[in-house]
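Two complexes come next, and they have one chain in common, chain A, joined by chain B in the first and chain C in the second.
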Partner chain A sequence: MEALKQKAKDLLERGEVKAIVGYTKGTGDIRRPYFAQRPEQVDGLVLDEACTQNLATYATKHEVRHLGKLGVVALPVTQRALLQLMAERQIRDGDVIVLVAEEGNVEKGNVKELASAAALEEHLALKTDVMDEKDQELLAKLNAKSREERWAFWHRELSRCVKCYACRNSCPMCYCDHCTMDCNRPQWVPVASHDLGNFEYHVVRAMHLAGRCVECGECGRACPVGIPVHLLTFFAEESVHRQFGQRAGHSAKLDYALSTFRPDDKESFIR
Partner chain B sequence: MADTFELSHEALNGLFAALRKDGRRVLAPVDSDGRTELNEVESPAQVAKDYLQTILSAKEVVFPKVERLLSYTTGPGKVELKDPEPKALPTVLFGVRPCEAAAFGALDAVFNWDTRDSFFNARMAQIAVIGLSCTKADAACFCTTVGGGPADTRGSDILLSPIEGGFLAEVLTEKGRSIQALAPELFQDGRGIDKTAVKLDKAFDQPALTAKLPGMFDSALWVDQSLRCIGCGACAFVCPTCVCFDIQEEADPKQGQRLRCWDSCGYRMFTLHASGHNPREVQSQRWRQRIYHKFSYYPERYGMLGCVGCGKCTRACPVDMNLREHLVETSEMKA
Partner chain C sequence: MEEKFEPKLTAFVCNWCTYAGADLTGTSRIKYQSNVRVLRVPCTGRIDFMLVMKAFQKGADGVIVSGCHPNDCHYTSGNYHARRRWMVYKDLMDFMGMDTRRVTFSWVSAAEGVRWAQLVNEVTDQVRALGPYAEYQQLVGAGIE
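Up next, the complex of A and B:
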């Protein structure tokens, strides 16, 4: 922990970053996002297994960007999201300094500073990249259901949705200034949180994240009523992976699978 | 002074049966796929055990997330307007926590401020509240700081407090007495029995906070506190007193309906003008609005607080914006 605090302090003192985005102790045992803007504030930093949130969300948030260059204490999910944000040209290579705990545990290992996309890519390439076991199980269970059963499952779950947009706003890849959901001329998707409005919203969101979802599960954790919405985007991401062989969040130079045309495409209809 | 009775666990079975026989649906906290929700039940056995609170509040019963205000059809040279069918069913809300029961007063203040809201009032007229005192609290709770308490009777028609073998029942209102009258034999004399509830210390001096807020409008505190806020509506939607709504028209050339949907002052779009100007352009202004609305504007306008200290917003927040903690911090700031 001291290594992280020292690194963060150095960066702030040298003026290399204006703020460190990390975690601190929150209510009870939970950890919450934390912003150290002055060297003495680094003492509040915490990094342990209770830290889950994908902090890349803040890299595109106006109020946080406004602070100046950021240092981000990054879990693997945050690292992937930052790379994907670079691939989508939302942040530039070198816009943020990424602080990672080697061996994933800040108490055991050192803290590494990754200042470029290349360094991030190299670091991530060493990680075995699998979905949370619990989520794999949930997805497998859903896939094993019949279409009617799946429909019933999502109908029940989505009936709970109140359209608070915690899933969208917590998602690092949902950075649009003007989300399709907020467009009212024309009104593409019903605003009301009735069956149709809820279904359309979640299906549109899953489609918009197909090939872009870094599978952090933040949307599911954020949902106040406990809907496992992340399974929708995970499913979309996995099917893009199966069909196009690429995953979001592994390279800062990733072409978006669903909007990229290649002359050697194996499908003939597109030529 | 309320009439106090003893209501045993067995008697509660009889009470639920009597309520249902009287044509009332009973809504109570139930464990639904691992979540505590306010759903319809048939017997006390279906009520969640040992719950702290439901995720959403009892507000949804009188102010649903989507409410149809009117519908219409159009034809050549005519428009036919239809009032929606009244959906206010006789309902007993069982096991509502005292904080949420008190929140109906804050909703009423807005819905009957100038125009009397017929939808809200129709639903309110049909509900009766059987509150349940709290035997535990968590780090988000602060009812005692905002004039409530774990065994506070405000807003309940009958308040139950757990005692050995059942509950102490305080019958508080006419609606409460009408419930008791459905099965008077179930209510045993309870005079002299003490009600007990969890103890909860005050977290801050609320009147002092309300007094100092007008002088803190330009404080940097709001920027600091809201930096991690992601601007979703989770806090507002689980809140038992948040009343903001949006009117949506869903229409095609032949027919349409006008809907009232929950909205939140935390959204950027909430105050966005058609011109593109936004008086609350950044999240800190929206966060400040939330605090001021509940702790400054509500007292000023309605003579009551717009917060009951239930802590739902804190529990629902994806980034742990702990309201109680933020209010303590605000109280401790030098004005």
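Up next, the complex of A and C:
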């Protein structure tokens, strides 16, 4: 922890970054995002097991962006998201300094400073597993069900959706200024949170994240009614991986899977 | 008196191949079932998954999406892009429990008037056998109340 604070303080004092995005103590055991803009503010930084939020979400927000160059305290999920944002040209290479705590030793471990996309790629290349086991199990369980059971499952789950858009807003990849959901000419998806609107909203969200989801699961954590919405984007991402052999969040040179093609893409259902 | 169920089909077809193919079916005086409503779009690359969702939302029991064969696209690569999108979309529909038997993807060229008639007949029979898409209409109905 001290190493992190020291590093953050150095960066701010030297003027290398204008703000450090990290975590601080929130209510109870909750950790909340924290923006340190002056060297003396780094004392509020906290980094421990309770920190789960993907802070990459803030890197594209206008309010944060105008602060200037950022230092971001990054968990593996945040690292992948930042790299994907660079691949999608939302962050310029070098506009963000990524602060990474060395393996599992936040308390006394060192803090690595990754200042470029290449360094981030190299760091992430060491990690191959993406999804956690619980989600893998859930996906496998759902896939093993019959179509009718899956329909019933999603119908039941999505009926609780209140369309608060927390899943959209918490997602680091949902950065569009004009979202299809806010478009009412034409009104693609009904605004109200009824069965149809909910179902279509989640189809749209998953499709728009297919090939771009870094599988951080932030949407699922953000959901106030506990719908496993992250399984939808995970599934879409896995589908892209299975069929096109690429995964988001591992390279800054990745082409968006659905805006490119290979003449020999294999499918079995087109008549 | 009970009315016999006749499925409503929506077909999204590309201007250059399937639409011309369907036109050929007509000019060749080939008869096929009239359950299909043909909607012409510039290219299969234009067929967003939202259009398919909209068709189901508006009461379609089945959807046909059709365009130029690979390598034949008027815009060189529109159908290749479309193919990738369908591959993911079909997967996702299945995962969310939608009935993928109700969506048919196909390539029909401008010269395949006979094939278009066959395709529509086959799909119409298939969807007629499946019956109305009650599951989805239940969602739509919940929206109206």
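The rule is simple: the second predicted complex is superposed on the first by the 258 of 271 C-alpha atoms of A that agree within 3 Å, B and C clash if a C-alpha of one lies under 4 Å from a C-alpha of the other, contacts with A are read in each partner's own complex, and residues count from 1 in each chain.
Definition applied: a contact is a pair of C-beta atoms (placed from the backbone, for glycine too) under 8 Å apart; a residue touches a chain by one contact, two chains touch by 3 or more.
If you're wondering where the values come from, they're calculated on a predicted model, not measured in any experiment.
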item	value
Side-by-side fit of chain B and chain C on chain A, or clash	fit
Which superposed partner A:S259 touches (first chain B, second chain C, both, neither)	second
Vertex chain A, arms to chain B and chain C (CA centres, degrees, nearest 10)	90
Contacts of A:E2 with chain B and chain C, given as first, second, both or neither	neither
Partner chain(s) touched by A:E148 [first = chain B, second = chain C, both, neither]	second
First, second, both or neither for A:F244, with chain B first and chain C second	second
Contacts of A:K61 with chain B and chain C, given as first, second, both or neither	first
Contacts of A:H194 with chain B and chain C, given as first, second, both or neither	both
Which superposed partner A:M207 touches (first chain B, second chain C, both, neither)	second
Partner chain in contact with A:S170 - chain B first, chain C second, else both or neither	first
Minimal inter-chain CA distance - chain C and chain B, angstrom	7
Residues of chain A that lie at the interface with chain B and also at the interface with chain C	190, 192, 194, 197
Parts of chain C lying in touch with chain A, wherever the complex brings them together	49-50, 53-54, 57, 70-71, 77, 80-81, 83-100, 104-107, 119, 135, 138-140, 142-143, 145
Complex contact set, residues of chain B against chain A	33-35, 37, 55-56, 65-66, 138-140, 223, 226-228, 230-234, 236-238, 246, 248, 250, 259, 261-262, 264, 267, 269, 282-284, 314, 316-320, 322, 325
Contact footprint of chain B on chain A as seen in their complex	26-28, 30-35, 53, 57-58, 61-64, 156, 160, 162-166, 168-170, 182, 190-194, 197, 218, 221-222, 224-226
Contact set on chain A toward chain C in their complex	142-143, 147-155, 180, 188, 190, 192, 194-197, 199-200, 202-204, 206-207, 210-211, 232, 235-236, 239-240, 243-244, 257-263, 265, 267, 269-271
